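Sharing a structure with you now.
Chain nomenclature is as follows: A, B, C, D and E, assigned in order of appearance, with residue numbering initiated at 1 for each chain independently.
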Amino acid sequence: MKRNKLIWQPDRSKYPEHDSNGKPIVDLKSQKFTKLWQGPNHPGVTGNMSLELTLSGDEVVEAKTHVGYLHRGFEKLMERRTYMQCFPTSIRMCVAEPDSNEYVLSAAVEELSGIEVPETAQWLRMLALEMARLQVLLRVVPGIASTLSLGLGSQWGMYMREHILDRFEELTGGRIYHMYILPGGVRGQLPDGFKKRMLENLDMIDGFIKRIEDLIFSNNVFKKRTVGVGILKPEWVDQFGVVGPPARGAGFKRDVRKDYPYLKYNEIDFDPFMATDSDIYTRAIVRKQDLIMTVDIIRQILDKIPNDKEIRAKTPNVLHLEIPKGEVYARSESSRGEYGMYIVSDGSKYPRRVNLRGPSYTHAVALLEKMLINANISDVHAIMVSLQTCPPEIER
Amino acid sequence: MNDIIIKLLWTLLGLFIVLNWGMLMGASMRKIVARVAHRRGIPIYQPWLDLIKLYAKRTSISHGVMFYLGPVFRLGGGVGIFLFLPLIYGSEYWSNFSWAGDLVLILYFQFFGMLGMALGAGEGGHPNSVIGITRGLSQFTTVEIPLTLAVISLALQYNTLSITEIVAAQQGGVQNWTLFTNPVATVAGMLSLLGALRHAPFNLVKAPNEVPIGPPTEYHSAFLGVLRTNGAVLHVVEAALFMNLFFGGATNWAEFIIKTFLIYFWSVFVGVVHPRFRIEQSVVWFLKIPLAIGVLAVILYI
Amino acid sequence: MDKIIKDLTSRFKVTDYIQQRPNMAYVTVQKELAISLITHMRDIEGFTHFVLLTAVDWIEDNLFQLTYILNSPDKKVDLGIRVMIDRENPTMDSAHHLWQQVATYQRELKEMFGIDFPGSPRVDESFILEGWDDIPPYRRDFDTLKYAEETYFPRDGRGSNDPAEYMKKKLYPDEEK
Amino acid sequence: MSEEQNINQNNEPKEDKFLAEENKIRLVTGPDGKQFQVNPLDDYFCDKRPQVVAPKNKIIEKFLNWARAESLWVLGFGTGCGSIEIPPLLSPRFDAFRYGVQMRPTPRQSSVLIISGYLAVKTLKRAIRTYEQMQSPKYVMALGSCTINGGMYYDSYNTINRVDQYLPVDVYVAGCMPRPEALLAGFVKLKERIKAGNAEGANEYAEKFDWYKANQKKIIKNWNMPDYNW
Amino acid sequence: MSLKDLLTPFTAWKNVFEDSYVVKDPFNDRPGADRYRGFHKNDISECIGCGTCEEICENKAIDLVPVEGIDTKDGDSGLRPRVDYGRCCWCALCVDVCTTNSLSLSNEYTWVSEDPEDFRFIPGVDKKPWDDNEKGWKKPEGEYNFYEPERVHMEHLEPEARDNSFIEMVKGFSKEQAQKEADRCVECGICVATCPAHMGIPEYIKAVRQDDIEQGFKILYETNPLPEICGRICTHKCETVCSVGHNGDPLSIRWLKRYIADQVDSEDYKKVLGTENIEKNDRKVAIIGAGPAGLSAAHYLALAGYNCTIFEKLPEAGGMMRYGIPEYRLPYDQLDKDINYIKSLGVEIKYNTSVGKDILLNDLKREYDAVFAGTGLHLGRSTRIPGTDHEQVYMAADLLREISLGNEIPLAEKIVVIGGGNVAMDITRSIARLQNKKYGKVDVTATSLESEDIMPADREEVVEAREEKAIVDPGWGPEKIEIEEGKLKGLHVKKCLSVFDEAGRFSPTFDEENHKFFPADMIVESIGQGADLSYISDDIRDNIEFNERGRMVVNEYFQSKAEWLFVGGDIIQGPDVIHGIANGHQAARGIDKYLNGDLKYKSE
């Protein structure tokens, strides 16, 4: 798909004027500009955050992201909690895809303390992570269209997601917060009949993908709205630390699962989709391909998963689990991209410092502020959702 | 004198029926849309409850006189169209105050409500209202042009500007409907209807994900009740106008109900499966396709 | 990786080298040389992906540790760079000119630890907190539980018993240690 | 009366070091050349205290309450984790629409405010503002442990512990987070409460206004808004 | 823009003809999954109120509160968890860590209330609709433990290596083993109340875990001056109530205590405990008997500055610990290590001095400010069945004493021991060793009234006795000893059905049909011991209260009615080292109080 050519585009390269630092000179009193706050209770923003937009007509000349509406001080709270207590706490850092939090925390703790996770547990972890990705993508892929008021795909997607959540409930005992992957292993075996039900759901999701391809991806109006809009220039990728689908949409084939294989990902056959057009449509396509790939990966996992009884390594008593001094950065590929946790241990049973590196941190603040400039106000939320920003992960 | 009072009473009764039909139609549309999403949707009586609730709000704040007048103007626009629109062809009672030039008046009233809303929403002071109303006005202007062209084509075709006469000319069988006698104008009209009824892809006026929810952002309580009342009436009369212009009007209430439902459904049918255009895209679209068709319709009859 | 480290040791006097795992290492560098080291890593060694910048409060040693983690997407290795700065007067050279996102990290550090990065864009604007007038909350000497209990209103009626204490009270109340 | 004055005095902008520049008292020169003082917080906003609007006629009120109960317009303001379970509520499986629950994008038109989990101080300020912008009768539904007694953030410096100290809450739903079914049960309970005429949170807020304001101001250090913003 | 692209979106309309996906009645049609983590349930009869759930809860959502109808008793704190749903995050870590598996979550998930105060309840006590819900989260099956349920293996001498020698058979923990074992502790503190001395068990285990031996050692000496001894032969009642033991093996609390004591050299004792300089006062206390009670009292009194003199009848200190417990369980050098430390605090021990013979109690009364008597139970008790007056019938206590004194004891090729307590096992195993030495084979049978499951002896004692080829055949009531022509032939027994009646009183019932005969050349009776109180002269005796069973009545400080006389140890609380230590400690407190004038005897 070529870039959409509008019949007439005003030349806005010199408007508004910029000062020597490249900052736009915006004089609100001149009445040429409007200040528009979107959020926190705005249906379009991806969560409880707000965008401070300076508009000239329908065009954004300056954008600022304001976060902190969901700040709970996790990194501080976790300093007061033992490693095992950190585990339920860490999960809340990103609501939409909590499993990545569980995994990176567990992986970091295990790496520092040298715990070997049993093989079955590794497979189960991978299953949980991929199910979480599937669950998120079912929400997000049609979600881009629903910011453009095509909510139908979202409704179907939500229903598909419900089935995955049902499977989660069956496997982990939780619907949203699964609290399944914990330091040392996982918290439950595959229930009886799980594979069969999961495969049925995956078949259903195949049908769903076909339907949203018809409804969304071949929809002319959707293409008109998204092709050539929200361009993420390739040179921004390193400059802004872009990871995951946005980077893959801009021609950078970066996927932690491939680059730094963790768990059993090197035993799985998959190839992350990459495209170069780097607009909203491309990112939507990348996500859709991710969805197809995730379904495939889950099928492979279900096929290969061993059935050992051992699901958790023998660890010291978790009530006073102490971890050797050191620092570690553990990463995983979440649906939004590289998701990592940096833990510093001072040898006590409480972590000295926990820092979460979520993709949204750079995507939603620095990158979004950059991308929104000269965007049309109607596209703001499509751009935001296409970056899949998640506010709780920014402010933690 | 007596006549006019009786006429007025019939008109009021007509308004009551149209209002309720509008709400029922709106609810059924929402139920149908819900069906597409595999939901069951709202109870069919939900709009009445919403309306009662809105009027029963205990507090309501105002942003000034124009803020009050906005919904009133809007209602005036809706009721205005209703007043001059013959509902049932051939019925003395249900033809309201239809007269020779009513078509022009109706086109004017369509704008009247919008302008009133603009004033009121502007007074609300919320930037979302302002952005919404700007979009609404620009889109509506471009929507009116193909419609006007279609109407001109019709006027040329039937040589009249009275809706009643246009309907009269279409009587005597389906083949006499404008749909078949002047399909080009019908297409132009039906495309502009998409814009007039503001479903996707032309629903950017109220776009909840961008400018929640456009002009009525600050409206609430009874103000919103008035707007909703007007909405119900307006949807029916818009559909009825197109019914009269292109689909042979209605000779009884059953026909009226079926035809208005289907005409309204047309915009829902398109809207459910499309995202919305940006404002400039929608303006450009209207200035391209329907306008061209409209011009063609006029040229064919010159 | 070893080659890089050897090079760095001679050039930037890095110390405390720890190989965390085959593709991840940590080094400590002096504050003055940190930015030039990072620039070197980005431009010459190809560590173009900036992963994170964060701080650790070593209150016992009166130091803040700044950790820059850089990643080389081509070589697929990570390097953690530790910089120790004085806790009393914490300032650090800004790295926002190298990666634009760094400004965000620096804003957060300024707010949460009180570490200043002169010249970083919007570094003095509040980022997450609004109207905060206590010591920066991520510092170790800030007691969040105490603050929360004093500021908010925990629901009363709570109270627990330690089993051993309670049994003592019940079974042998008179015995002293 | 004296308390009321107190609150207004507390709002003197010069005492507030966090007050934004544009909200400070300033001198403005009018078109006629005369200078006059502008206090944006007083002048640009409504300064009417909320009033108790008592129900009037019992029978009529019963009917109206029934309508109110069956038409719950929820403001889509996700204050915390719980908001992730609101979209499924509107999705095919749960379909809250059939219970008369609809989402509204603007607080003006909403009647139910869902506090979906923890409230960070920054959000609390917006939540209060949002609540005050809603028109009475209005209801608050609180989701999850965090709203009851702090939940897992009981020791966080940035989240409040109990919502009922700042806003009158009608219904609490237990869970972390509550499932959509629990939320639906919450709506059912709220409906019962409204129909019984007990959901008078807006009036309670007006009655105990000074108490609520004092609590709110204790937390929100930059009270960068007028005392009443309707 | 192709026509196909224009039309495909409209295919969505075909969905209008499909069924809706709506759950008709979401409140009833969708129960949580089998594993769903819903609301809490607690089986309060299983729960012991150990508070591990409270410990692991990261939200401080759980309080332990007293519950009406549940009494505090050994192994049950009487507290039950109360959950605050204003805090809970349903992580179910409390369920996973629960020591008794009593806590679980149901799959019920709907709880709506108008009153925020509602959301706090005691699962299992406050009745909730989901109490009978079978499904929900339980501790995952399989290899999934938050603490190790199995003990660290303690190395023993192999039966072959030990069955003919009196070398200590338990080797003791290495550092790694001790830390690993200590790591299993959940620090609930349930054991503290059960320990007669109320030792700070969780604290010293914590010290082991943190490798802070000195701290641990100090904690030991706070309540127990004989850690080397207790670390070997304590009856470890604490281990029977250990909460970890509900779901695995209890902690080896005794071995950990021994581990700490073993790590400290006897020269370092004073330095570690900080007792190098004790301020002495001029008051004197006489202590009768250098057993655990006497030594314990002497230790604490010495620490408080009193001048203590212990009068010991036998040539060496230790009492029953030396003369009642065989060396393979408690080596004498370890015994001396503890005793020497106490002596080093300035405690004087007069050996071979029998009060009542060599010195009179009245003299002590006159010469000392107070007297503590911990004379123990040294008189063997007899079954008094026909034939017990035969010369080949011995008392276990006597034999053990002789062994310890280094004297030869009479031995036969076939020996039967009557009794099922630890002493019976001691004598059985000692005899087995001696038989092995002398005859190269073992033929000793221990029989007891109590059946195997209620035998008072420690489980491992029985197991080890069997390993050493002794026969343990419990559940038989002795009937009579068969003597043929003055020669002992054996023991007739009959099946014992129950030992205690419903009220818990000793009242054995027998199966009169089921008899058995144990052939024997020699019989040892070990069914209990009695006290020898002959040293208490009549004039003092008049001043002392005795209860109906002939035991002295003392107050909570072990003070008798004659206020200067304190009595403790086995003669008050039955045969048990740790009780003796606890009594001695308490009595020392009492004496201190008495001598400072604020303790008066008050009979209950």
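In this section, a contact is a pair of C-beta atoms (placed from the backbone, for glycine too) under 8 Å apart; a residue touches a chain by one contact, two chains touch by 3 or more.
Here the structure is a predicted model, which means the values were calculated and not measured.
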{"item": "Excluding subunit E, groups that stay connected where the other chains sit", "value": "one piece"}
{"item": "Graph distance between subunit C and subunit E, where chains that touch are linked", "value": "1"}
{"item": "Chain whose averaged C-alpha position falls nearest the assembly-wide average", "value": "A"}
{"item": "Identity of the chain that, by mean CA position, is farthest from subunit E", "value": "B"}
{"item": "Length of the line joining the C-alpha centres of subunit A and subunit E, rounded to whole Å", "value": "56"}
{"item": "Inter-centroid spacing, subunit B versus subunit A (mean Cα positions, whole Å)", "value": "42"}
{"item": "Chain centre separation (subunit A, subunit D; CA means) in Å", "value": "31"}
{"item": "Separation of subunit B from subunit D, taking each centre as the mean of its C-alpha atoms, in whole Å", "value": "36"}
{"item": "Touching two or more other chains - residue numbers and ranges from subunit B", "value": "34, 36-40, 208, 212, 272-274"}
{"item": "Residue list for subunit A, restricted to those that touch at least two other chains", "value": "42-43, 68, 71, 73, 76-77, 80, 88-89, 92, 152, 155-156, 159, 177, 215, 219"}
{"item": "Sites on subunit E at which at least two other chains make contact", "value": "9, 12, 20-22, 58, 84, 86, 89-90, 116"}
{"item": "Which chain pairs touch, all of them", "value": "A-B, A-C, A-D, A-E, B-D, B-E, C-D, C-E, D-E"}
{"item": "Subunit C partner contacts - residues on subunit D that touch it in the complex", "value": "17-18, 121-122, 125, 148-150, 154-162, 165, 215, 218-222, 224"}
{"item": "Partner subunit D, residues of subunit E touching it in the complex", "value": "20-23, 26-27, 30, 39, 58-61, 84-90, 109-116, 118-119"}
{"item": "Touching residues (chain side subunit C, partner subunit E) in the complex", "value": "155, 157-168, 170-172, 174-177"}
{"item": "Sites on subunit B touched by subunit D in the complex", "value": "34, 37-43, 46, 49-50, 52-53, 56-61, 208, 212-213, 216-221, 224"}
{"item": "Subunit C contact footprint on subunit A (complex, rising order)", "value": "67-68, 71, 73, 75-77, 79-80, 111, 238-241, 243, 252, 254, 259-260, 326-329, 338, 340, 342, 344, 352-353, 355, 357, 361-362, 365-367, 370, 395"}
